[in-house]
Each structure stands twice: as structure tokens, then as C-alpha cells.
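The same subunit A turns up in both complexes below, where it pairs with subunit B and then with subunit C.
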Partner chain A sequence: MIQVERLEYSYPGAAEKTLKGLNFAIGRGEIFGFLGPSGAGKSTMLKILIGVLKGYAGSVRVLGQELRFTGPDLYERIGVGFEFPNFYTKFTVLENLNLFRSLYSVPTEEPMRVLDRVGLKDAARLKVSQLSKGMKMRLNFCRAILHRPDVLFLDEPTSGLDPVNAKILKDLIKEMKAEGKTVLLTTHHMQAAEELCDRVAFIVDGQIKLIDSPRELKLRQGRKTVRVEYRKEGEPVVEEFPLEGIGNNKSFLQVIDRYPVETMHSQEATLEQIFLETTGRSLS
Partner chain B sequence: MSYRALLRSDIRHLAKDPMLMACLFGPLAIIAFARYAFWPLAEWVKEQYAFDLTAYTGFVAFVLLTTIPLLTGVMTGLLMLDERDENLIAYFGVTPLTRRGYYRYRLLFPSLLALLSSGLYLLASGMTEIRAESVYTLLLLALEAPCIALFLVAAADNKVEGLALSKLCGLLFVGPVVAAFVPEPWQMAGMIVPTYWPAKSYMLGESREPVWSVLSFAAGLVYHVLLLKRADRAFARRMD
Partner chain C sequence: MRTMSAIASDVRFQIRHGFYGVYVLVCGLYVLLLHNISPGYKEKTALLLTFSDPGAIGLILAGGIVLLEKDQGVYDSLFVTPLRLREYLIAKAVSISVISSCAAWAIQLFALGFPAMPVHFTLGVWLTSCLFTFLSIGVVTRAKSINGFIWLSQMYSLPLAVPLAGLFDIGPSALYAVFPTNGSLLLLEAAHRPIPARESLYAVAVLSAGTAAAYAWAHRSFEKRILSRVGEGAAR
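Right, the complex of A and B next:
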């Protein structure tokens, strides 16, 4: 669905390239996450992929079309959700959706049906200015899928949301995947990326440093041990055991047999740890 | 299809904002004033102050006419500022409308509105004669509206600043004043004011000087196109 080869981009007047030779491909029904700190090039990447920035070098193909040469038709097949929801705040939710819906020539969803799906049916007649941030983000998502796009681009879809609203949005994104849609998202939130993405790419200083499934990355970069916390004569004790041959490891078997175990975790890395190790930069 | 949707949204927007509503219906109020209030007012001024306002009918008619693109331009500028403040222009850019389509609509809308309202003014105000030269005036006035709209969005950071700047647009009345009253060599100074050109073309037409009227129109057209291009570039820079 998306093929990027040797992509480079420089903003006019900038001395340094913002994107430096990126290569990746995203398949149908895949949720792909771009992770990285502010200023790493995520937003530039997204702007290129949604056809806003055209003066790039290399090749960027979305739905088989080289973006440099695409016209308005591309937007009939892709959906975009910006980080900050942008609506006519004086208009109602329904008025907004009806307006944006009428910009498309392809068949679109019934706004009330989509609102129902994201739990906003009761808010249909409210002005957008009356909505909470979480409701606006859900509405943002609604608008992005109104025209049943094949590819969905979401910029920081869970940014600033409480856990309940974040979960609603994550579930909706997973539903998109189940319907065979391709989703590309950018995020600072490692947990969201871990939960949602089939693959992630760490982008730092305009380059992709790592690209793989969160599971693979976590296993590859983690320690192959089990960390056990238990009580020995009332005192807390922490011990690590190698995963290899754990079933025959006498000390491990002795611990779990003799003492009350409080926690026991395999020591794969978290995405945040991987990021810090790879880049030496924080995810703020 | 997209333009119809935007037009519907504009109508809804206008209905919710008294300032924009005033800008939309202002031209009708101006036409009504010209038709029903100017002549009785001129008579009253003559009786009270022995001053014959009708001797300046052409000038007053043009000042009133200048107000029409000013109102439609300010209205469009404020709508665009609203849309920019709420980041909607960026979103239109990723729909089949595209950013270019949005600009086209936003520049066509005030032009057509100014053209229609100004045409209606010439037909119905009872203060003007319809001549071939009137067409030139109408065309230049139709270009004034998008120039004003783009000036507002290029110069203002937000709608509040846009409102303040719209007051500055009152300076455009200097154009007809210079064209009507300033002696020839000094008129050059007024050429920088966009409204000077339609005023000059209109007044030369009234004085039965069709060739000079056409030349003024041509010069005005070039000047307005240059202004539009410049304002468009400034606006695009702000958007990027």
C-alpha cells in the first residue's frame, strides 16, 4: 500500500536535510507506527505521505501512485487525522460531518452510524466547541473514516487523552485493521505503539534507526532472564535466572518451591528502553 | 459539488455571525440608501446649508460603490481567518477539495458577490448611468474584494487582528477622493491606492473620455493582478 525508497527532503532555505534516505514498505491491513522525539522528522514524513509536501527526492508511492504526480483523487482513498482536531467550532458535530462528507465523490458513511460507532451519537447536535478533548479526538477519527479510506494516517491519535478515551480510540484503530485497512500512525507513546502496531520504525535525525515488530524488537534487545521477587524470612529478595534451561534450573525451582513469590517477569526490553539505547535521546 | 458544500457552510456561518451578516447585507443597504435616501438628503442639505450635493452625485455614487467590494472582501477575509485560526485550511488540503481548490473558491466567492452587488448597484441605485465603461469599473471592483480578503489574512495573525485591520481598509476611500478632486500631476500619488483605478476609469467614462477610461482600466487591471499575486504569495507563506 505504501512504498518509500531513498526518500530525502529538505525544507527551503534549510542547511540540513530533514529526511535522509528513508526506505520502508507498509502492506495492506498493517498498522505501522512511526516513533521518535519531536523534531526527528515524523511530521515531515507524514506530510509527504499525505501529499502535502511534494518537493522530495526519491520515490514515495501510496496506493500505487507516485505522490509527486498525484491529484485530488488520492484523497478519495486516504483518510487523515491531524493531532489537533480542526472543525468549525460554531457548527454542530453533524453539520461538520455533513460538510466534510460532501467534499467526496465516493460513497460515504452515514454520519450518525459512524458517530454511533465511536460513542458520539448523543453528541450529534452539540456544537463542536462544547465537546471535550477526548470527544473531539473521536470526532476527528470519525471524519477521517467517513469516506471509507483504504489507508488511514493518524498523527498522535492518543495524544492528551485519558485512559478511557485512549482505549476507545485504540479499539477503533484495531477495528480498521480488522477491516483490512492500512493504518500509519505517529506517536510519542510507546505503550500505544506496543499495543497497536504490527511494526514500528524509530526515526531519529531524519533516519530510520530500527524497524521491526514491537515483539521482535523487545525480544532482541532484552535480557533473556526471568526476574523473581520473593520473600525469604520476611525480607524481600530479587533474583534473576537465565531463561535458557529454566525448567531444569535447580536454584530457580527451589525458589518458586520454597518461598512466596511476589512477582515474576521475563526481562525483554520495553520500547522506551530500546529507543533510549538506540538514540540516546528521551521521548519527550 | 465541493463548492456547493462550502457555499452552504458559508451561509450557515454568516447566519451565526452578526458582523459577517452585516457585511453580506451591507451592499443592499447601500443600494437602498442611494436609491431612496440620497436625493431627499441632497434636497435637505440644499435647503439647510445652501449647498448643492447633486453637483457631486458622480463622486458620492462612486464612494458608495467602493464600499461594496470592501464589505465582501472584509467578510471573506474574516471567514478565512476563522478557518485558518481553526486549522481548517490545512484539513481542506487533504480532502479532494485540496488547498488550491479552497483558495480558488475563496477568491471567486467575493469576486462574484462584489460583481453582482456592484452590478445591482449600477442598475438600481438611481445615481449612476449605465455605459460601456461601467463594465471596466465592475471588473476592477470585483478584483478589489479578493485583494482585501487576502490582505487581511496575510497581514493579520488572527480574527481579532483582522477586525482591527479591516478598519484600515477605510483608507481605500482615498482612491475616489484623489481621482475626483486632486489636480492632475498630484494624482500620481493616488495611483498606489487600488480604488483610484476603478474610480478614475468610471469618472473618465462619465466625462465622455472613453479612450482614457479604457487605459485607466488596463493600468488598474495590471495593478490589481500584481496586488493579488503578491497578497496570495504572502498568504501562502503564512500558511506554510
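Right, the complex of A and C next:
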């Protein structure tokens, strides 16, 4: 669905390239996350992938089309949701969706149906200026999927959302995947990426440092041990045991048999740690 | 279809932001003024008012609308749809021309009666409004604030006011022939006296050429200064 080869980009007048030779491909039904700190080049890459910036070097193909030659018809097949959910504030929720819907020539969703999916049905007649940030983010998602796009681009989709609203959006993104849609999201929220993405790419200083599935990364770069916290004669004790042959490890079996265990965790790395080790940079 | 949707949305936007209400009030004041002016000056005053307000209303309205849209950050949502920039610009020009024409006709009918050449008059208002709308959009893409826009819009529109001097017989009329607004004044004059076909043709041609140039400028400015920044989220 998306193929990027040797992508380079420099802003006019800039001394340094913002993107320096990116290569990656994203398949159908995949959720792909771009992780990186502010200024890493995520937004520039997103703007290229949605056809806003055309003056790039290399090749960028979305749905088989080289983006430097595409026009607004591309938006009949891709959906875009930016971090800041902006709408006509003096129009109602429904008026906004009806307006955006009327700009497509492909079949579109019934606005009330999508509003219902995100729990905004009751807010349909409210002006956008009356909505909370969480409601606007959900409305932004509705707008982005109104025309049933094959590829969805989301910039920081859970940014600034409380856990309940974040979960609603994450569930909807997973539903898109289940429908065979491709989703590309940019974020610096590791937890959201870990939870949602089939694969992630770390981008720093305009370069991709690593691409893999979060699970593979965490397993490969973590310690293959189990950390157990338990109480021995009233005192807290922490011990680590190798995962290999854990079922026959007498010390481990003795601990869990004799003492009250408080916590027990395998020691795979977190995406945050892997990012730090790979790039030498923090995400925040 | 998209253009029609964009026009409908623009009209709704203008109504919701109270532009129509304010404009009805302003037109009412103009009609009152024209009623109380001596007959000798009435036609010239009406011509000036129609040119500078219903005609040139696009200069203020279009800029105001774009500033509001920028402030609300709607371009991040609007220009990731199949809407073409030309459709967006045409919708702005048409929606503002509608209000311009209604206002010009209201002032004309209530203060002076039915125009001598209604088609010429309407075309004059319509094209003048489009000219100033496109000029305003080109200007507003360069402005960062309302004050900046007001200042820049006056600077850019000043040359277009030059032919007004001709109304007061200042300088040779040939001097004004290249100004598109010379065509505006000729067509608006058709409200009070019939104008010959040759003059009409010249007026429509020079005004259309000016409007087309303003459109091209607005298109280029908007593409370069607004569209390339889509996704940067104006509103927070």
C-alpha cells in the first residue's frame, strides 16, 4: 500500500536535509507506527505521504501512485487525521461532517452512524466550539474515515486524551485494521504504539534507525529472566531467575512454593528503553 | 458539485459569523444617506458607495473569512479532501458576489430606482466583487494578524482606487484605461445612464482581465503560503 525508497527532503533555504534516505514499505491491513522525538522528521514525512509536500527526492508510492504526480483525487482513497482536531467552530458536529462528506465523490458513511460508533451521537447537534478535546479528537477520526479510505494517516491520534477516550480511539483503529485498512500513525507515545502497531520504525534526525514489530524488539533486546518480588520472614526480597528451564529451576520453584509472591514479571525491554539504546535519544 | 457544497458552506459560514446581519445594517444606513442627499449629488454618491462597498466588499469579507478559517485551523481538514484550490477560491468569490449583488441592488432600488442597464450593473458589481475577493485572498495569505491584513489590503488596493479620480474629472480619462476598476466604474454607471456597446465590451474585458490576474495571484499565494503548511495546526 505504501512504498518509500531513498526518500530525501530539504525545506527551501534549509542547510540540512530533514529526511535522509528513508526506505520502508507498509502492507495492506497493517498498523505501522513512526516513533520519534519532536523535530525528528515525522511530520515532514507525514506531509509527504499525504501529498502535501511534493518536492522530495526518491520515490514515494501510496496505493500505487507516485505522490509527486498526484492531485487532490488521492484524498478519495486516503484519510488524514492531524493531531489538532480543527473544524468550523460555529457549525454543528453534523453540519461539519455533512460538509466534508459532500466533498467526496466516492460513497461515504452516514454521519450519524460513525458518530454512534465513537459515542458522539448525542452531540450531533452541538456546535464544535462546545465540544471537549476528547470529543473533537473522536470527531476528527470520524471525519478521517467518512469516505471509507483504504489508507489512514493519523498524527498523534491519542494525544491529550484521557484513558477512556484513548481506548475508544485505539479500538476504532484496531477495527480499521480488521477491515483490511492500512493505518500509519506517528506518535511519541510508546504505550499507544506498543498496543496498536504491527511494526514500528524509530526515526531520529531524519533517519530510520530501526524497523520491527514491538514484540520482536522487546523480546530480542530484553533480559531473558523472570523478576520475582516476595516476602521472606516479613522482609521484601527481589530475585531474578533465567527463563530458560524455569520449570525445572529448583530455587525458583522453592520461592514460589514457600513464600508469598507479590509480583512476578518477565524482563523484556520496553519500547522506550529500546528507543533510548538504539538512538541515544529520549522520546519526550 | 464540490463547488456548490463549498459555496453553500461559505454562505453558512458568513451567516453564522454575523456578516449578513451587519451588512443589512450598513446597507440600511446607505439607503438613508442617499435619501437625504441632494438630487444633484445622488447619482455620483450612489456610484461611489456601490463601488466602494458592495463592489469592494470582497476586500474586507474574503480577508476576514480567511483569517477566521486560519484561526479555526480548518485548512488541515479541508485540504485533505478532494476539494481543489480553484473550487475553494471560486466558492469564496461566488458567495461574496451574491451578497454584494443583493446589497448593490437593494441600495439602487431603495435610493434611486430600477437601474438603466440592469445586466451591466449586476455584471459590474459581480466582477468587481470577484476582483477584490481574489486580491484580498492574495493579501491575507501574507498577513499574520487582522491589523497586518488591514494595512496590507489598503496598500495593495490603493492602485485600484486611482480611476475614482476620473469621476471628478482629474487627469485625462485615457490614463485610467488600463485599470480594471475603470471597467467597474463604467459598468456601475450603467445603473444611471445607458452606455454604448463598445464601452461595455471594453469595461467587461478590462475588468475580467484584472479579475483573472487577481485569481492567478491568489491561487499562487494560497498554494505557496497556506497549502504547503497544511498539518501544522493553526488552532490550538
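Here is the rule we go by: the second predicted complex is superposed on the first by the 284 of 284 C-alpha atoms of A that agree within 3 Å, B and C clash if a C-alpha of one lies under 4 Å from a C-alpha of the other, contacts with A are read in each partner's own complex, and residues count from 1 in each chain.
To be clear about the criterion, contacts are C-beta pairs under 8 Å (C-beta built on N, C-alpha and C of every residue); 3 or more make two chains touch, one makes a residue touch a chain.
As the structure is a computational prediction, the values presented were derived from the model and not from experiment.
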Simultaneous placement of subunit C and subunit B on subunit A, clash or fit: clash
Which superposed partner A:V52 touches (first subunit B, second subunit C, both, neither): both
First (subunit B), second (subunit C), both or neither touched by A:S43: second
Touching partner for A:F87 - first (subunit B), second (subunit C), both, neither: both
Greater residue coverage of subunit A in the superposed arrangement, subunit B or subunit C: C
Touched partner set for A:E76, first subunit B, second subunit C, both or neither: both
Which superposed partner A:Y104 touches (first subunit B, second subunit C, both, neither): both
Subunit B versus subunit C as contact partner of A:E95, first or second or both or neither: both
Footprint overlap on subunit A, comparing subunit B with subunit C: 50, 52, 72-73, 75-76, 80, 82, 84, 86-91, 95, 99-100, 102-105
Sites on subunit B touched by subunit A in the complex: 1-2, 4-6, 8-9, 12-13, 16-17, 86-88, 90-98, 101
Subunit A residues touching subunit B - in the complex, by the definition given at the top: 50-52, 72-73, 75-76, 78, 80, 82, 84, 86-91, 95, 99-100, 102-105
Subunit C contact footprint on subunit A (complex, rising order): 43, 46-47, 50, 52-53, 71-73, 75-76, 79-80, 82-84, 86-91, 95, 99-100, 102-105, 140, 143, 155
Residues of subunit C touching subunit A in the complex: 1-2, 5-6, 9, 12-13, 16-17, 72-84, 227-228, 230-236
